[in-house]
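By written order: A, B and C. Residues from 1 in each chain.
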Amino acid sequence: MKAANKPKEKFRKRDLISWLVMLPSLILFAFFVWEPLLENIRLSFYSTKMYETVAFTGLKNYNLVLHDVDFMAAFKNTFSYTLWSLVIGFFVPMIIGVLITETVHLKGFFRMAVYFPNIMPSLATIWIWSYFFLPGATGVLNIIAGKMGMGPYEWLNDPRWTIPLIIITLTWKSAGSTALIYMANIASISPDLYEAATIDGAGIMQRIRHITIPSIFGIAKTMLILQIISVFQILYEPMIFKNGGPNNASISLMMLMYRYGYRDYNVGKAASLSVLVCIILVILSGIYMRATREKEN
Amino acid sequence: MKKKLISLLLCGTMIAALSACGSTEKAAPTETETVEETTTATDDAAAEETATEELPEVTITLGMYPEDTLVDDIAVFDGYIATYQELHPNVTCVPDYYKYSTDTFMPMVESGNCPTIFESWFTEPTKLIAQGAIADITDELEARGWLDAMNPSIKDLLSDSNGRVYGVPRDGYALGLMCNVELFEAAGLVDADGYPTLPKTWDDVAEMGKAIKDATGSAGLVLLAQDNAGGWHFSNIAWAFGATQLTIDNGDGTFTSNLASDEAIAAMEFVKSLKWDYDILTADPLSENWGTGFTQLGTGNAAMYIGANDAVAQPTQVNGLPVDKLAMTAIPAGPGGQYSLYGGTPYFFSKDATPDEINAALDFLEVMGKAPVATESSVAGMRAGAEANVANGVPVIQGFPCWVNQDYLDAQASVVNEFSNVDTKLFQSYFDATASKGLHLEEPGSTQDMYAELTKVLQAVLTDSNADVAALMKQANDNYQTILDSTFGAE
Amino acid sequence: MWFFDKYNDKKDGVIRGYDIRATKVKILALIIMLVCLLMVCVSLFPALWVFLASFKDIKEFTRNVTIFPEKYDWSRMLGTWNAFKFTKYYKNSLIAILGCSACAIIFNGLLAYGFAILKPKGHKIALGLVMWSLMIPGITSIVALFRNINLIGLNQSFIPIWFSFGANAFWVVLFKQYFEGIPKELLEAAKLDGCGVLQIFIKIMLPLSKPILVVVAIFSITAAWSDFLLPYLVLNGTDKTTVMVKLFSFKDTPTDAVSVLRAAFFAIIPPTVIFAIFQRQITDGAASGAVKG
């Protein structure tokens, strides 16, 4: 009864409590995500000794990064990584999702099996794949190829194939979970749509094109941007496989950052490279968000 | 104190239960510290009763304590600690195993957990000194008279441009060519007395490697092309081909890159032919690094590998090669002569260590037999180490002299003779060569960057049979010059 | 034929029950079946291989051109297990996982509750910040983060590892989307009954959100088990070393390839066991959790 008299005050109190509920989580975000990002920007303008800033050097670190002998290679590779991850990483989960949907036997088993690589620790899978791609007779893939009378192949040592093969291992790892999401979306399509299409004389391929694909288009856009962002995080695969080689054929921007920071102990240079990567990501994300918003309107 | 205050403030804002948990976690170490201090104090009190002069209480943490899987080594090391505690009751030794790696080192120093003394790599001094990450120990070494005992070239490697010294060598090393005797025997490469005929020149390596590969299917040579160790090994080959100066010191603090000389290109062409003409390399040089090379050699997957005298435990103890099946010869000669790279594996000291702590740690090196003295405890330390090597099937061979004072060298030689477990003929040519003029220090300048550039070329020529060696070396030369200019200033 | 009969009851997908009468569709169904079986092989083979290869000794591994080991000698496995003290690493990993999973559910859940239901004034700004951090990988600022952890004296402790899981934008989004689907009437009714903000969360939201709780719990458990960069920087060299930290440290330690493989095999066992037990919940959860994304 009193509450009705001063709704505004009550409202404020509830706001306060709400913020208090969210506060611990926001502190964690601030500590683990936001503050380090800002700190990174600050560090990128300083010369450093260990983690301590020594002197403000303006854009010197950025200049060093841009003129680094390996930077252009890493930058170019990023485009190659992105391209291949669009070709392989984006479509494979969709295809898996569609195919498994069309089975009736062992469906649960298929879902489980394709998801399985996803729960394997990435570090363990990188070690395993490095033995799969070993050139020479004892590499696992060459053993298999040999049984079929082919090979031996050079795999990652052929610079034309290094990046596509890395993307394949990444896709192997993550495709299952994305495929499950697509499957759930496909399952929620109303059967009436298919039946209506059938009555209109649409064949199976046409039904896929006009019903299945459009219905997963929305989720696919989200997956696409997540895919591109994940490309900028590629670090351990090229590092453990070939240390960025052969001759820089697979070096990634993040790997270069890791080298500056942890091999050369040059924190300022590492920070400025990661700021550059962040800028690229912010631009990409901005484009994406704008695009989706326009679509919604 | 300040740290604790900040942490308390931050914890206060978090949920009470969790912050409580946090403070217990933090309180625990303090408690043990106090306990430790009390023990030290009691020890000290006991010591003071017997000793007349008052000694400062010191605690040192020992980063070179063996990894917990190496049970035998731990037993030996615990013996060192026991001996040390008898001699220096005022010092508390805390084992604190730390395996140096570039990605953990700086975080560890930053958090104040750097051990008082730890082992590092030969690649690291310049960088660590520049970052101020390790202690200057010149004064302590001076007072002990160790400065003059140190092999001058190794001392240079551990010093900054002002001649201040930052490390103590654990071992000196000179690179040689390690050979798997089993494979040489299998390929019939033995002389009338049954000794393996070891290669003397790089052409020998190519021919013998081919003979071994044809006879056994195992690779002739392990060549590294994964990381900087590839360029490190390659510089030996380049010198042998006559490219004895890959970096030219201009004398005014600047350097000129010299990677594209005809000799260096010839050396790289030779490496290329090892892959594409002779085909004697392991399946994937791009996956080979310092450690895997020893695996290939030790397991009989490859017959020859560039390795140093201080790494003989790698093929044997770690990878199972019988102790009498390892031979070592000098780095092969080429058209330009014969050169072996030498250097030292260093111990460094925490930048936060006090002079007392540094001295206590240096005392500990004496007990380990790693110091330039021949005291009773020092010799006992050498003997314990040699005994453990014999038990583990590791060849006991002469070290490369990192200290040059005669009493130390004599003591070391007598220990090696006493525990010798290998036929010295299998190592003779290596020791002959490293005692001669063919020793070569690492190139000056920004050496690790030079290795990185050379490794990229190695990767290219080993994966592409049509690679244009001259163009690649030119590119590497340009890249390295850019790095030299930005590090040391342009000419 | 029994194989095709079952297609008559097919409820989803492009191929409908009535299609299967055509021979062309029958062939298509068979091909799809075969392709799916092939995908299963590709998915499972690496794990199977590491199991088989772990039985080899180093000589056999580097020299023999075989998939299967000469003999299945469990004592070799046990030897590596004991030599590297994996029991201890397993224990440490368990401690890390439990804390991480709890933090992931509590903190991300509460934040999502704020964004989806409470919506206090100004929450859009915070939401925007959280969404942006979804776009920027945390690895870019790992150096600065580590510096902060040192600054407040939490190095060499599990605490930063646990709490780092409490700030995951992806899980916040998952929770938020699920919470938004909870009928508002239920919440209004609870509010009228005099339930406080936290009470509503505990008494209404959580019981209604079991599916998403399971999803985030499982995601966070597998993520915590696999997490290694921050744990490596914070815990390496302490007695709190986890399985992944050990596995990562092999890159600098000369260790023979077979030991690394066995360690990798040990690292795969727990997630595989969890997966074998909860496979239904995991695959259903993984799909339903993100379905509205």
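One rule holds for everything that comes next: a contact is a pair of C-beta atoms (placed from the backbone, for glycine too) under 8 Å apart; a residue touches a chain by one contact, two chains touch by 3 or more.
What you see is a predicted model, and the numbers here were worked out from it, not measured in a lab.
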| item | value |
| --- | --- |
| Distance-maximising chain from chain A - centres being C-alpha averages | B |
| Between the pairs A-C and A-B, the one where more C-beta pairs touch | A-C |
| Inter-chain centre distance, chain A versus chain B - centres from mean C-alpha coordinates, in Å | 38 |
| Distance between the centres, which are taken as Cα means, of chain C and chain A, whole angstrom | 15 |
| Shared-contact residues (touching 2 or more other chains) in chain A | 24, 31, 51, 137-138 |
| Residues of chain B whose C-beta touches two or more other chains | 10, 103, 110 |
| Sites on chain C at which at least two other chains make contact | 62-63, 147, 150, 257 |
| Parts of chain A lying in touch with chain B, wherever the complex brings them together | 23-24, 27, 31, 49-51, 64, 67, 69, 130, 134-139, 154, 156-159, 242-243, 245-248, 258, 262-265 |
| Residue ranges of chain C in contact with chain A within the complex | 3, 6-7, 9-16, 18-19, 25, 28-29, 32-33, 35-36, 39-40, 42-44, 46-47, 49-50, 53, 61-67, 103, 107-108, 110-111, 113-115, 118-121, 123, 126, 129-130, 132-133, 135-145, 147-148, 150, 163-164, 166-167, 169, 172, 196-198, 201, 222, 225-226, 228, 244, 247-248, 251, 257, 260-261, 264-265, 267-268, 271-272, 274-275, 279-280, 282-283, 286-288, 290-291, 293 |
| In the complex with chain B, residue positions of chain C that touch it | 58-59, 62-63, 83-85, 146-147, 150-159, 232-234, 236-237, 249, 252-257 |
| Touching residues on chain B, where the partner in the complex is chain C | 3-4, 6-7, 10, 21-22, 25-26, 67-69, 96-99, 101, 103-104, 107-108, 110-111, 113, 218, 290-292, 294-296, 299-301, 314, 318-320 |
| For the chain B and chain A complex, residues of the former touching the latter | 10, 13-15, 102-103, 106, 109-110, 127, 131-133, 225-227, 282-284, 286-287, 453, 455-457, 459-460, 462-464, 472, 479, 482-483, 486 |
